[in-house]
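Chain IDs A, B, C, D, E and F follow the sequence of writing; residue 1 opens each chain.
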Amino acid sequence: MPFVNIKLTGGKEAPTAEQKAELIKGATELLVRVLNKNPATTVVIIEEVDTDNWGVGGQSITERRKMG
Amino acid sequence: MPFVNIKLTGGKEAPTAEQKAELIKGATELLVRVLNKNPATTVVIIEEVDTDNWGVGGQSITERRKMG
Amino acid sequence: MPFVNIKLTGGKEAPTAEQKAELIKGATELLVRVLNKNPATTVVIIEEVDTDNWGVGGQSITERRKMG
Amino acid sequence: MPFVNIKLTGGKEAPTAEQKAELIKGATELLVRVLNKNPATTVVIIEEVDTDNWGVGGQSITERRKMG
Amino acid sequence: MPFVNIKLTGGKEAPTAEQKAELIKGATELLVRVLNKNPATTVVIIEEVDTDNWGVGGQSITERRKMG
Amino acid sequence: MPFVNIKLTGGKEAPTAEQKAELIKGATELLVRVLNKNPATTVVIIEEVDTDNWGVGGQSITERRKMG
């Protein structure tokens, strides 16, 4: 009955619906393979975060991408 | 001083403003009734997730809805 | 298929198993009543947070409780 | 390697890109100053929540703002 | 720079350190394979939740396990 | 009315109560300074994560620390 939450950058960098489907499938299979969890009750939620709203090293991703 | 986070499917399935108000009221009353928490400091946040971004059983809700 | 995450203070203030069961039941019923969600796929997770680790007004709950 | 998640009201109340950059910088500096964490691996994510979706005292922020 | 949060039941059902290492490795590889993300900045956090604190179908996992 | 959630490594690396108090104070002041938020309703929650349960670069922090 695990719950997986994946946060990643959205906007221009957002995954396609096909890529999201692969993430959902892959994360579910991982829980089944490693812990023998029931896939029917394994939930995966993908959250897309704007690059202005994601920071690392004290700077937003937007700023980092500009600097190359 | 509890904090309640409700994640549910959005887009066409999103709750109306009235339904969201009922969720906020109901979750707050639940914490007051069961644990005698102070409603003034009980916070409820509702997050709407696209059906492409929510998976269960290894498939997105979008795919599951198509299959009926 | 909603997901509810309740964070509240733990330690000496932690709810009993019976109170947790009431929170789980109540939150699930709320989603069923307001949005007609399927209870079988409604997940509720309760997280207990130490009063040292929870702050409001710039102070931890531990400090606030000391001040009365 | 800390992870900071800031949830705040969005929409008309959303911070500007400059304010978000300040939050990212400030939260990172806080972790460096207090815990000597490595800024290069300190992640900050800002989530903007609609005022209909944020409740306190049993009411949404939208309703509270109307009442003044 | 994705962030993956896996919540699963702990206590007697908690994964071993080896299983946790496999989850971390597998989730990171998934993000690399599907989205070409940089593994060096892919963060995975596993949270173990007591079976009293996890509910589904309106009942805690503890209660459900008792009923078989 | 912002909500700040800080996740960091616990166990031997856990911050002291004094350091947690500084994080709570500093995060609250940041929201007041940058966005003029009301400190009385600014909530900060610190979550301590075992180094076995935190991964980056496909490895747990426990493994990374062993390798130096």
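By our rule, a contact is a pair of C-beta atoms (placed from the backbone, for glycine too) under 8 Å apart; a residue touches a chain by one contact, two chains touch by 3 or more.
Please read all numbers here as calculations on a predicted model, not as lab measurements.
Graph distance from chain C to chain F, where chains that touch are one step apart, equals 1.
Listed here as common contacts of chain C and chain E: A, F. The interface in D-E, B-C or C-E that matches C-F, meaning over half of the contact pairs are the same by residue number, belongs to C-E.
One inter-chain figure worth recording: chain C and chain D are separated by 21 Å, centre to centre, where each centre is the mean of the chain's CA atoms. Multi-chain contact residues of chain F (touching two or more other chains) are listed as 1, 3, 7, 23, 27, 41, 43, 45, 54, 56.
In terms of which chains touch, the assembly is arranged in some other way, matching none of the line, ring, star or all-to-all patterns. Of all possible chain pairs, the ones that touch are A-B, A-C, A-D, A-E, B-C, B-D, B-F, C-E, C-F, D-E, D-F, E-F. Chain C makes touch with chain B in their complex at residues 1-9, 15, 19, 22-23, 26-27, 30-31, 33-35, 37, 41, 54, 56, 61.
Interface residues of chain D facing chain A in the complex, by the touch rule stated above, are 17, 20-21, 23-25, 27-29, 39-48.
The part of chain E that touches chain C in the complex is made up of residues 7, 49, 52-60, 62-63.
Note for the complex: chain A touches chain C at residues 1, 3, 41, 43, 45.
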